[in-house]
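After this come two complexes, each holding subunit A, first together with subunit B and then together with subunit C.
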Partner chain A sequence: MFKAEVKSETLKGVVNIISTLVDEVKFTVGSEGISLKAVDPAHVAMIELRMEAGAFESFSASDTEIGVDLDKIKDVLKLAGSGDVISMEQDEDHGRLVFRIGNITRRMNLVDTSSMSDPKVPQLDIQSSILVSAGELQKGIRAAETVSDHIALTADADFFELSCEGDTDSANLRLEASMLERLDVPGRVRSLFPLDYFSNLIKAVPADTKVEIRLDNDYPVKIKFPLADGNGGVDYLLAPRIESD
Partner chain B sequence: MSEDWTERYRPSSLDDVIGNPKAVADLRKWAEGWHAGKGYKKAAVLMGPPGVGKTSAALALANDMGWGTVEMNASDQRTGGAIDEIALRGSQFNTFTADGEYLDEKSGGRKLIILDEADNLFGNADRGAMPAIVRLIRGTKQPVILIVNDFYALSRKSSVIKSSTLQIRFQKPRASSISKALAAIAAAEGVSADRAALDSIAETAAGDVRAAVRDLQAISLGRDSITAVDASELSGRDVRGDMFSLMAAIFRGDDPMAARQAMRSVDESPDHIALWVDENLPREYRDRGDLVRGYENLSRADIFLGRTMRRRHFRLWAYAGDMMSAGVCSAKRNRPASRDAFRFPGYLMTMSRSRKTRQTRASACAKISATMHTSPARVASDVLPYLRLSMGNSLSLRRAVVRSAGLDEEELAYVMEADMDSDVVRSAFSHEATETAAKGGKRAEGPAEHPASQKSLFQF
Partner chain C sequence: MGVNLSSVVEATEIEMSDLCGKKVAVDAYNAIYQFLSTIRQRDGYPLADSQGRVTSHLSGILYRTANLIEAGIEPVYVFDGKPHVMKADTLRERRDRREKAEEEWMEAVEAGDMERAFTKAQQSSRMTDEVRDTSIELLGLMGVPIVMAPSDGEAQSAHMCAVGEVHAAASQDYDSILFGSPRLVRNLTSSGRRKIPGRNAYRDVRTEIIESGELFGTLGVTREQLVDVAILMGTDFNPGIKGIGPKRGLDLIRKHGDIESALAHVGGEIPGYQEVRDIFLRGEYVEGSDLSVGGLDFDGVVGMLTERDFSAARVEAALKRIEEARKTNRSKSCQRSLSDWF
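For the complex of A and B:
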């Protein structure tokens, strides 16, 4: 059983973040909230997202699974204006999710979850930690986008840098320790990531959100940030480019 | 609804793949080459008829090696963009498996990128797929497997696919091995099946393991024991032959009826098959008598093909088909000597290579013919050589022709027999551009927008 009401902005934020990785997802629903884990089709990124009951206007649920097509939820979101509250209810008899926005009722068939994988989150020990506002990262991404498909994240004791090398051009955004919320880096670390994954994710995060980046050498990056005023959060892992050859 | 047995009993290790010991060994060696790091091809092509275990072998390999898999098959969208986004991207970065395990390339953790049914790429729906596959094979840092029924359907589109991949051929397993596998499945499902029944299913499947397992599941539905009588309910399956086995039946078989039969099972039109026979006949029949008789029959087939088209009476195809299959087959009196691979018709190859040029020629001639009040054919035969000569000497004539006929760079390049970025071509257009800008709006109605304009060429 699942029944909840949520602000359209909150749902929109969540859907925007998840849809950077996958088209269909399985939400695991419990009495405390909902969560999801998913790996993208190219198997280079992984997301773990939690929304606690407090992120919703109202929430009541028992253990269940809900598989949804994110494009359809985006269609539903188009029906809602800002400030609208969307009510969602699972219709178990028909395998549907029913949305109500004001006087509109929108019924949506759920996706079969039996073939969807249930990834566990790998235990990665990453020492370096950087805390920075999403807005700063967005500036760096805008600079990098025209240059290359890959983005290098570099951090040392006194700075954090986003950089991109193209065939002829390059771009970088260097943030000194004073411009960061926190910089806790024992020694220089650097890894190379797919720019579009990184940028799609960061662009989907509100600019004033504080994003934690955990970074190592040729190792996955872990990007962690809160959702819905701290009533939820995202852990996002991105695999590094293979640089040997 | 019960699960598909072909999925449930997919082998989890290469050791359990039915038959094909050589292919399995090659595949394993290729994978180990990735670990060793040197002297391997980055991509392998598994080829063979449907249902013999190509996909199963690829998945079993990944399982044996502890690799993750990224699979794209015909049910996924496979435009060039989709292949770039999923397969090519996956090939450049380290891996999170579907179970959420992190695999680092440095410690041997890889992902196997499987493009299933890679020969089934269809026109617009899979736009740009071929170049994307080539990019993938060239650039991958992860192992790639392409799975095909018909290697030539893929390799004729790109030579890279032939030269940069390891080709591994899967054969149809023998009925006895299939029967043995069926027995194991029946036992696991708690269905008692007598030997004759399983043998009969395996026989009917004709080497297609997937079909055999499906048949077993269908027959077992709602029963806990099956007999040979139940199994006999299965009708024979149509087996779609390929061009190579048809050629073998015609040139190397000694049963004309079998050749005729093989021709019917191939899904190609007789005129296409005639080209294949024509290409391979002189390579196969070394004896002059055989060759003469073979060509005699092929030419009779061709006469029928012509009549079919002229009269629009497709019933006549049957005679053409018989003459080129059974007829050519029965023309030989000597044992076939050749062991070479059959060739793809050179005519088709040339035509497909020159297609672009022919299109350009057609459009250039059509445009010029409209301004010169003559037919495109006449332009091609009588006008072009002189026009080319005069235009080569005169920039202003080049510009005039371009303007009045509305030629684009490509067409002018064809007319001038020059490259598109050569001076001859560029000069005619660079001026055109500045002139257009200078004259402004007035030029909007100019002949460039009206290729069929009736203005004479010689008004410049």
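For the complex of A and C:
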């Protein structure tokens, strides 16, 4: 059973983030909230997302799974204005999710979850941690986009840098320790990532959100940030590109 | 066909991404035969255009090569040259078998046994001059480097791998190991789901790599000794001793050291074994081939293939994949998968 009310902005934020990786997703629903784990078809990135009951205006549920087509939820979101509260209720008999926005009722067929298995989670141990606002990262991405398809993240005891190199041009955004919320880096670390994945994710995060970046050498990066005023969160893993010899 | 060492060789399964950034010498005839035999319609007929020209190999070359390049692998296609005179018997046998298979295929079609028709059709696959020439033409238009071996392509690939011009030789045959290739990749141009012959079932074919040095260590023989094992079993160049397979052959060579002592023990004779040794251990090759990736002649490929009834949209999509991948491959870095950290 699943019945909840959520602010349209909150739902929109969540859907924008997940849809950077997958088109269909399985939510695991429990009495404490909902969660999901998804990996893109190329196994380059993985997202783990939690929304606690507190992220909703009202929430009551028992253990169940809900499979949704994210494009359809985006269609539903177009029916809502800012400030609207969307009510959602699972119709188990018909395998549907019923949305209500004001006087609109929108019934949506659910996706069969029986073939959607939970992805395996890589075992990672990462020491370096950087806390930076999404807005700063977005500036670095804008600078990188015109230069290359890849972006290098580098951190040392006193700075964090986004940089990229094209055939002839290069660009970088260097943030000193004083410009960061936190810089906890024992020694220099650097990894290279596909810009499109990194950019799609970071652009879906509100600019004032504090994002934690956990970084190592030629290693996946873990990107962690809160959702819905801290009543939820995202752990995102992105596999590196490794320079060949 | 080559020497079947599968029962004594242990291969390591790999992901295509493990070969990212590497040049690989693909055994062209071997790959083209695979395309000809697997890319067929249900009744066994190969893909062909409205004029009846076979196009299975062109489809395989275009799409499989695109997959390789997209995985960051730079293939070099190595074509066989003039076959060694000692291969004549093998070649005659293969031709007879193909002709017989073709008759049986037609019989099966008439009898309505589609299962058998398909299998027999596969066995009748033939490398004609037309197939060879159009393969070379298409690869050239795609900018894929080609090497013409003086004789056996696997001897050429083995040499290129031994001197480090390529990372590995890719073939389904184990002969590359005998020819001295330090690394052999199998199932590179054919990974994925494959039908099990004669049964209505499929199995997963995974790309695998064999490190020759490790293999010799595990088997407890040198490369020279493994060549002797192969000669005892029979190769493309000699018939071998009846009843000796890989396990018995290995036992004999391990125990007696070489073919002369082994033969003295089991009796029997292998005429010309010294020459067969030379074919494997001193195979012919050319040096200094140009392995650089050429430009992609987009319109040239589209023209050649649409003239043979390929869908322009599908060809263009494959070519765009190649273009994009070559741009990314220039950056000299390879995308890893999260599964590398499981």
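One rule holds in what follows: the second predicted complex is superposed on the first by the 243 of 245 C-alpha atoms of A that agree within 3 Å, B and C clash if a C-alpha of one lies under 4 Å from a C-alpha of the other, contacts with A are read in each partner's own complex, and residues count from 1 in each chain.
Assume contacts are C-beta pairs under 8 Å (C-beta built on N, C-alpha and C of every residue); 3 or more make two chains touch, one makes a residue touch a chain.
As the structure is a prediction and not an experimental result, all values here were calculated from the model.
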(request) Report clash or fit for the pair subunit B and subunit C bound to subunit A in the combined superposed model. (result) clash
(request) Would you check which partner chain A:P220 touches, where first means subunit B only, second means subunit C only, and both and neither mean what they say? (result) both
(message) Once chain A of both complexes is superposed, is A:A45 in touch with subunit B (first), subunit C (second), both, or neither?
(response) both
(message) Tell me the contact category for A:L237 with respect to subunit B and subunit C: first, second, both or neither.
(response) both
(message) Quick one: is A:S117 in contact with subunit B, with subunit C, with both, or with neither? Answer first, second, both or neither.
(response) first
(request) Identify the partner contact of A:K37: answer first if only subunit B is touched, second if only subunit C is, both if each is, neither if none is. (result) first
(request) Once the structures are superposed on A, label A:L70 by its partner contacts, choosing first (subunit B), second (subunit C), both or neither. (result) neither
(request) Return first, second, both or neither, reflecting whether A:A61 touches subunit B, subunit C, both chains, or no partner chain. (result) neither
(message) Counting clashing C-alpha atoms after the superposition, which of 37-45, 361-369 or 397-405 on subunit B is the one that bumps into subunit C?
(response) 37-45
(message) I'd like to check the shared interface: which positions of subunit A are touched by both subunit B and subunit C across the two complexes?
(response) 39, 42-46, 120, 122, 124, 194, 219-220, 237, 239-242, 244-245
(message) Help me check something: in the complex, which residues belonging to subunit A touch subunit C?
(response) 39, 42-46, 120, 122-124, 148-150, 167, 192, 194, 219-220, 237, 239-245
(message) Residue numbers of subunit C touching subunit A in their complex, please.
(response) 20-22, 72, 327-328, 330-342
(message) Per the contact definition, I'd like the list of subunit A residues that touch subunit B in the complex.
(response) 37, 39, 41-46, 117-122, 124, 193-194, 218-220, 237, 239-242, 244-245
(request) Please name which positions on subunit B make contact with subunit A in the complex. (result) 68, 70, 85-87, 89-90, 92-102, 104-106, 111, 141-142
